[in-house]
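Take a look at the structures listed below.
One chain, chain A, appears in both complexes that follow, with chain B as partner in the first and chain C in the second.
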Partner chain A sequence: MTNPNGIVTQGQFSFLPALTDAQITAQIKYALGKGWALSVEYTDDPHPRNTYWEMFGAPMFDLKDPAGILMEINNCRKTFPHHYIRVMAFSSVRGVESPTMSYIVNRPKHEPGFGLVRQETDGRNIRYTIHAYATDKPEGERY
Partner chain B sequence: MSSNETMQEGKERYKAGVLPYKKMGYWQPDYQVKDTDLLAMFRITPQPGSDPEEVAAAVAGESSTATWTVVWTDRLTACELYRAKAYRVDPVPNTGEGTKTEAQYFAYIAYELDLFEGGSIANLTASIIGNVFGMKAVKALRLEDMRIPVAYLKTFQGPATGVIVERERLDKFGRPLLGATTKPKLGLSGRNYGRVVYEGLKGGLDFMKDDENINSQAFMHWRDRFLYCMDAVNKASAATGEVKGHYLNVTAGTMEEMYRRAEFAKELGSVIIMIDLVIGYTAIQSMALWARQNDMILHLHRAGNSTYSRQKNHGMNFRVICKWMRMAGVDHIHAGTVVGKLEGDPAMIKGFYDTLLDDHTPQNLAHGLFFEQDWASLNKCMPVASGGIHAGQMHQLLTYLGDDVVLQFGGGTIGHPQGIQAGAVANRVALEAMVLARNEGRDIWNEGPQILQDAAKWCGPLRAAIDTWKDISFNYESTDTADFVPTATTSF
Partner chain C sequence: MATKSDKIDMQALLEASHINEVLDKLDQDLVGLVPVKQRMREIAAYLLITKARLQLGIEAAKPSLHMCFTGNPGTGKTTVALKMADILHRLGYIRQNHVVSVTRDDLVGQYIGHTAPKTKEVIKKAMGGVLFIDEAYYLYKPENERDYGQESIEILLQTMENHRDDLVVILAGYQDRMGTFFKSNPGMSSRIAHHIDFPDYDENELLEIANMMSADMHYNLDSGAEKAMQDYILKRKQQPHFANARSIRNALDRARLRQANRLFNDAIKHKKDTTAADLSLITAADIRASRVFSGGLDGESDVKKT
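Up next, the complex of A and B:
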């Protein structure tokens, strides 16, 4: 990828150096302190509008131990070392009821990025399709 | 109706001629406010020698049923119900004798719900601010705050998208959004304009933005701008893997033309369009309905508001505009930066932000919120901080403004010595480093400068930004400040 970081920059902290386990733990504590449930999700389709990454288990509504949650993150990293993995936090408070945090904690070593397909239509109009190069291969064989 | 010694009754009340407003029933100090009443609070500067209660009654009268003289036709109606009631007048702290400011009063007025047409800001405002600001009896008048009853709120659509759904659509959570206004705001061709958009978005911003006066001028007609900007947006999205947007300003001379431009923005796949406050309340409500119907985020630039919101003695407070715009249905509104180049006292701006974002806003006199307000599940409206802000202020911005805000660094991105992409990188790195540190429990207000210096050790663009703008601040005294300090006790 040719953006300044050379990586997919989704999530809260993609412009910072990869977070250490200690830094991840601090973010988990912040979320737990707010009463949010944490969840681990992974994918090998990083399209910006691919909303539903695979869940590495349901959100951990009842797990309040940061070390336990970090263990789940590391289990996911071991199982899917070449996938994108993100940690998400969910608030169930009325008026929010939506994700409140999302940050990437694992990514493929090489990120080929996306092509932009321009379909020329009426006049000067263009219809745009963003295409992840990796998704030319089947799921699980992409990175 | 409660008995009232100040009001005359029956035949005496309706004798032809002129009667003081107090005696016509517009002053009722023992009035019991109903949950369904719409409440307004005005700052009144009476003409010298006038009775403040009479002036408050005049404001109540002229913003509801009264005319200058008694009319018998009142008796054909349930006029006691329709009369607005001034029910409380307080002297404003630090005004009047012994101060530098002439005497001012806070006048509280209650309006019956049936006075207003549902779902119409135009109708609401025609009553509340329609006539009274030019009355000779008041030397100056300012609408400070309103309490909108839940029953009335429920007749409004509210923000087309709202903060929660906007974040879901953009896939951006847990941090302020970043934007920039394309500069120079006038003169760029469509092709050159799109270049700025592309560089800013690829560098790391979430949004780029048209300025309020970019519509369709000789140097760049609107279709050209839309086409080039959307190429820039999509190219930047592919370059980063993120959802990106550019606020395409569809402001035009007619509704027909605005709809035409909005449809084209949709056809090109834009996630967001923009309008200016100067198009008027009805046009704003129409565009909000269109935006809801077409999955579009609706950005509002508050162009023109300072003509009536800035001076403390006359006009209306911006918090009232915030309330009306949340009801009218915009998703974004410029609401101040605290630290930037535009007017803004920190406590007042906190009040604006709470008004836009809270489910329920408690009364908070120190923040200028005179009424408790239940927002009745109306969507939240994202405040936008724009004007003279830069990466070096990130700890102050995050502390003052929180996560639900769009931070717009126009000059602070495009004016970066290493280029626009570097400017965007500096802002994004500063933001992410500050959010990370805050979440870790660090005291960013005090440690902020050090957090930025540490990030600048590995981020050259941030280093350059800090060096360029380290001494830039806009320390002018605000004109719109709180009348109550946090320690003040009141009779509420």
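Up next, the complex of A and C:
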């Protein structure tokens, strides 16, 4: 197994132990110092190609202090305790205009992981894809 | 047998915060307002001592810092709020030296479900610094029980309690209306630690302010203009919507317009060359042309907007 922790690894810091609030605050501070706008997103579909997560509230422009964003993260954790929650930083610099940071700050207690699905196609060719066990259940009941 | 942990170098603490400089600057920059300055000194001293107590572990929790500034328009509430933020920042009670100034419009929404996100957004922006709510009594409109202001007040109260380390809220407004506001929102009143009342300026202070303002804008009042200003202040004070220092600023702004017009006309008539001194001199005529002297009301811009 390439993922010894058995957890979804997406974005930054995902091979490290979960960030503490103090560490998250420090990361937010860094992003704010760069002038990036932060937002909080959540999902319960852990597929790596699921890039568009639901946004929790509006993106937060013009904030000066990490406390406001941490407050929003905690609100999101309270609302979706068993979802994946990530913090995104967006740079509006002309020519960049894209996310610059993204890291998971909340994950389900138990992550069943992915199964390998083999599809037989023409000429006995095999197509491989991965399938999250969690997504067998409907949205909102997965974890 | 004092151990290291039960002594603290107050001198070093004082010097590190540069608090005296801020207070001295406050004394210089602000005319009058003696009781306000006195209270600011007291609060600064209290915060410094509390900081020392915190460091020695005598005090466990940070004190509540929410404040209420009451006074008539133009008495310097916003200016003092900025200074207060500076003091709090230097003493380490807030992390960012910034003041987010809002009024009812920024906090209260227009339909159901609009208020909470709006208020929270403002709070998030102010986090780490000072949230200055001007004319805070407008948040509460008792005559309309379905007014969304109440919702905003509740969110503010919750934040003032739960995020005491992150946010300092300063409410400002007329004294009597703030009194009514607190009476109907006892929760708000009990969370405000410091009430500061801003007195009106007297005539001499207003004249001093006029001189300071014109100096700041690099204008001079000649002796005639100063006398005219004195008369203007006496007359203007009797009129409605008198807004202390703000009225003086507006009067000066209009005097500058008239001065520019006078110089412009002089130049057209080729009367004489204009010198640098002419460009920065405001004469009695510039001020006496005001409608206040002919019995009228001066300038629509004075008509109420704190």
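By definition in this document, the second predicted complex is superposed on the first by the 137 of 143 C-alpha atoms of A that agree within 3 Å, B and C clash if a C-alpha of one lies under 4 Å from a C-alpha of the other, contacts with A are read in each partner's own complex, and residues count from 1 in each chain.
Criterion: a residue touches a chain if its C-beta (ideal position, glycine included) is under 8 Å from a C-beta of that chain, and two chains touch if they have at least 3 such contacts.
Treat the numbers as computed from the prediction; the structure is a model and nothing was measured.
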Three-chain arrangement built on chain A, chain B and chain C clash or fit: fit
First (chain B), second (chain C), both or neither touched by A:Ser98: first
Partner chain(s) touched by A:Ala58 [first = chain B, second = chain C, both, neither]: second
Partner chain in contact with A:Ile69 - chain B first, chain C second, else both or neither: second
Touched partner set for A:Gln23, first chain B, second chain C, both or neither: first
Partner chain(s) touched by A:Ile130 [first = chain B, second = chain C, both, neither]: first
Following superposition on chain A: angle at chain A, chain B versus chain C, Cα, nearest 10°: 100
Superposed model, chain A: greater residue contact from chain B or chain C: B
Minimum distance between Cα atoms of chain B and chain C in the superposition (Å): 16
Doubly contacted residues of chain A, that is, touched by chain B and again by chain C: none
In the complex with chain B, residue positions of chain A that touch it: 1-4, 8-10, 12-17, 23, 26-27, 29-30, 46-49, 51, 88-89, 94-103, 113-116, 124-128, 130, 132
Of all residues in chain B, those that touch chain A in their complex: 164, 167-168, 171-175, 202-204, 227, 230-231, 234-235, 237-243, 267-269, 359, 377, 380, 421-422, 425, 428-429, 432-433, 435-436, 439-441, 455, 458, 461
Footprint of chain A on chain C - complex, ascending: 95-96, 98, 117, 120-121, 123-129, 163, 166-167
Contact footprint of chain C on chain A as seen in their complex: 57-58, 60, 62-69, 71-72
